[in-house]
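After this come two complexes, each holding chain A, first together with chain B and then together with chain C.
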Partner chain A sequence: MLREIKNGVFLFYLLASSVLILLPLAHILFSVSANGLPVLMSRGMEFLTSTLPGPNKPGGGIFPAIFGTFTMVFLSSLIGIPLAILAGVFIAEYPKSIISNLARPLMLIMLEFPTILVGLFVMVVVVIPMGTFSAIAGAIALAIIMLPYVTTYTEQAMRTVPESYKEGAYALGLKKARVVFAITMRLARKGILTGMLIGMAKVAGETAPLIFTAGIAWRSIGGINEPTGAIPLWIYYLVQQPYANYHEMAWGAAFILMLIFLAVFLPVRLMMVRS
Partner chain B sequence: MNAIEIDDLRVKYSNVEVLKGINLEIPERGCFAIMGPSGCGKSTLLKAINRLLELNPDVKISGDIRLFGESVFRMDVTKVRREIGMVFQFPNPFPHMSIYDNVAYAARCNKIVKNKKELDELVEWALKKAALYDEVKDRLRKKASQLSGGQMQRLCIARALALKPKVLLMDEPTANLDPIASGKIEELIHELKRDYTVVIVTHSPAQAARVADFVAFIYMGKVVEVGDVSEVFERPKHELTEKYVTGRIG
Partner chain C sequence: MDRFKILLLPSVSLAFGILLLMLITFFLNSWPIFEREGLAIYTSNIWRASEIPEEEFYGILAAIYGTVYTSLIAILIATPISIGLAVFVVDIAPRKIRELIVISTDIMAGLPTILYGIWGIFVLAPILSNFMVFLHDSFPFIPLFSYRNPTGYSFLTAGILLAIMVTPFATALIREAYAAIPPIYREGAHSLALTRYEATKLLLGYIKPAILAGILLAFGRAVGETVAVSLVIGNSFNIHPSLFAPGYTISSLIANQFGNAFAYSYMPHALFAAGLALFFIGLAVNLAGVLVLRRWRYA
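The block that comes next holds the complex of A and B.
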């Protein structure tokens, strides 16, 4: 009898903890949808295609923010992904080298590194010499943040390729570069792609590293050497304003950011579950 | 002429000596079986011949291996592996490539052919030589991962043959196949040994007796006995060999 009570209490405790840790996530999803979706519904396409209205003016949209986020995620991927994949391949192929032994713990530290410090670093080396905030400075900061995710996933994916395929390739007289790029990387492509998407989803939602690097743009879109908006930056600034319509726009922007994040993350999760 | 000559080959895996001074002469054409119980060093010996052992940085190798008189350690390593094809214990065709590409890829990379037509002919020839062509001719562009285990192993033989090797190494090629698929591979070995020097590693004395012309019995990293297959099986000189071929050790 006592055993059954203990068992029941323990099961209840497990269930309650699971619900408890899901509550904040459910609350975020619910509140962002409940406040953001009506904004999007009432303004329609205008919300996605037009720029910031004046305080307490009707209408307007977050186009400069969407444009800035896509530009910077694209540029940071262009800079970060090739570097990160090569680094991951190197660490996987030469696991005992000094560089790999240094890079592995460094990547783990970078995963947890305060991103605002990355922003400060890029401000010193890019923004100050350029004399302006810019999309490219923001993208460099995001690329640095993306690096450890893509590198770690690439390394892990490369290491899961069975040794027998590599041996088979070497036994055919193939050179190391071909074995790595045409056989091992191709067999590890799902894991590498997962890392790329997770890295991109991660930086799409970053705010702190952009404050000192991207600057802000509200009513215009510019070149990559000019200040730019970004969805998380807009949310950060808009909620600090004393105007009701800006708060509404911040909710709408949050909803869009959540959709972008989920659009990248859900297929990745699905892919991971299937494999 | 001997296809392969091995002189005092010693292999150490981080200070554990696995091969303790192997001397062997493997004649050209025919099938040479290396047999012995698990862990005796026979697969290590095979991988030393095409220098695949060197992929492991913890391995130390001394002694010499000559391919038609030329030391493999002085040859370009990719050339050694092209001239000495290898088939593994687990069928390992590249799962992301088609049946055609599995055979064609290394031939294309190693510039064995000049153009697409020659490549098509080479793929067909290699698949026929590996007794697989009739079973796959209508689905050459399908993924290799769709084939059965036995077909995959014959595809691996075809991809090795496409490089026109002089020697074909086989590391327990039937260990993971059912009896019917194993039988097909053994039949194929009988065909191949007319044109190639086939070196097969097996832990089964019965298989060695079925497919080989010459046999070496290896025990704990040393060659115990080597000779003509009928001699070794019918009149073994060494007591250990007799125990092994009669199933009393192994």
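The block that comes next holds the complex of A and C.
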């Protein structure tokens, strides 16, 4: 009898854990939609194409933030992805070398590393010498954060390619570089692409590393050597303002950010389930 | 060594180089504060900014306290939930529900942290503040509830928000390990006619190291999280036992103070020293997690 009661309590605990974890997610997605969608609906395209209004003024939009996010994600991909893929290739192709054995835990540590410290670091080595916050400084910080994601996915994808394919290529007399780029990477392209997209989705939502690198821009867009806004940065600053219209804009921006994240993440994740 | 390996080498070395360069940068930039205050930067709770350099003094003990406090709250909540969730997904949930839960937790793990932040400041904190006022008024003599006039911005709010954010990471690790237990153990447990509870208790015993690793990595994440925490913790230098008191964490201190730090002579150095502490706490916890995981996988 006691055993059965214990078992019943245990089953309840299992069910409760699942509900307890899904509840906040549902509530977050619901809150962001319920508060953000009306803002978007009432302002229409203006919300995407115009800039920050004054405090307690009607209208306005988040264009500089959207522009900044796309610019920095693009630049950081340009810097980070090639390096990360090459690093992933190294670890996959020379799995037993000392460097690879050290690099694997290093990637895990970089994945977990406090991102605010990356921002502080880039501020010292890029922002201070340049004398200004800039999109390129923000992008460098994001590239460092993206690195471990893309490296890990590339390595894992390349290791799923069967040895026999590579042996076949070697038997034809191909050089190692040819085998890697023409055979292994082509066969592993889906996994590598997944890593790239996950890395990009991840950095698009980063806030902390941008605070001291990208600076902020509210009413203008500039070159890559000038301060820039980003959607997460805008939300971070707007919620700390005392004005109701800024809070509305923050919710609207949060809704856009959520859509961008889900639009990249969900298809990638569902593709992974199928394969 | 072949040429291909040498060509690839710089890209891998870069990751090591960045970590090393970061460490050097933080050391060099925090040096002046160590020279001036010694370890008092970590052991005192004073934050005196002044235009006159002689009068400046900085101690970040409150932020270290807040970091440990909030992260502990987070893993105290996250651990039982992530174990329960892992067992539910592997043993009980039908396939459709299992996929739904796994994808949902993956979304939670990747969701931009600022979305947790805006939800925390506008939704969670107001809800919690009602509970806090009620608990304080009913049991003011319990130290955990002892903070007067709770506003909702507190250690507890930050801890709960962090728990929500780190549970997906802990549960993914535990789930993976739990699912990888050889079927023969499961069959053995069932052939002894054990109840679900008894069998699970036995099986969880086999993956203790994975559970520990999950908790450590979750703790490491909680320690490093910045923006969501800085929006709900109240940002004040406070070493108070109450869950309802506002405070600081190291990362929220940096996010909050660095913007105006350059107006003072020593404040930037104090904040780099704070960063250095965060660097080592994060590194130690994550390294411990990675090592536990590695030893267990090889065993």
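Some points to look at:
Here, the second predicted complex is superposed on the first by the 263 of 275 C-alpha atoms of A that agree within 3 Å, B and C clash if a C-alpha of one lies under 4 Å from a C-alpha of the other, contacts with A are read in each partner's own complex, and residues count from 1 in each chain.
Criterion: a residue touches a chain if its C-beta (ideal position, glycine included) is under 8 Å from a C-beta of that chain, and two chains touch if they have at least 3 such contacts.
Every value quoted in this text rests on a predicted model; they were computed, and no experiment measured them.
Once the two complexes are laid over each other on the shared chain, residue contacts for A:96 go to chain B alone; chain C is not touched.
In the superposed model, A:200 lies in contact with neither chain B nor chain C. Of the two partner chains placed around the shared chain by superposition, chain B is the only one that A:183 touches, whereas chain C remains out of contact. Set against each other, chain B and chain C touch different numbers of residues in chain A, with C touching more.
By the touch criterion stated above, A:236 is placed in contact with chain C alone, chain B being left untouched.
In the overlay built on the shared chain, the residue A:114 is in contact with chain C alone; chain B does not reach it. By the touch criterion defined above, A:170 reaches chain B but does not reach chain C. Overlap of the chain B and chain C contact sets on chain A: residues 175.
Listed in rising order, the residues of chain A touching chain B in the complex are 96, 162, 164-175, 178, 182-183, 186-187.
Listed in rising order, the residues of chain A touching chain C in the complex are 3-4, 6-7, 9-11, 13-18, 20-22, 24-25, 27-28, 31-32, 35, 83-84, 86-87, 89-91, 93-94, 97, 99-100, 102-103, 105-110, 112-118, 120-121, 124-125, 144, 147-148, 151, 175-177, 180, 198, 201-202, 204-208, 211-212, 232, 235-236, 239-240, 247, 250-251, 254, 257-258, 261-262, 265-266, 269-270, 273.
Of all residues in chain C, only 2, 4-5, 7-9, 11-16, 18-19, 21-22, 25-26, 29, 80-85, 87-89, 92-93, 99, 101, 103-108, 110-119, 121-123, 164, 167-168, 171, 195-198, 200, 217, 220-221, 223-227, 231, 251, 254-255, 258-259, 271-272, 275, 278-279, 282-283, 286-287, 289-290, 294 touch chain A in the complex they form. Contact residues of chain B toward chain A in the complex are 50, 52, 55, 57, 78-82, 85-86, 88, 90, 92-96, 105-106, 109-110, 156, 159-160, 163.
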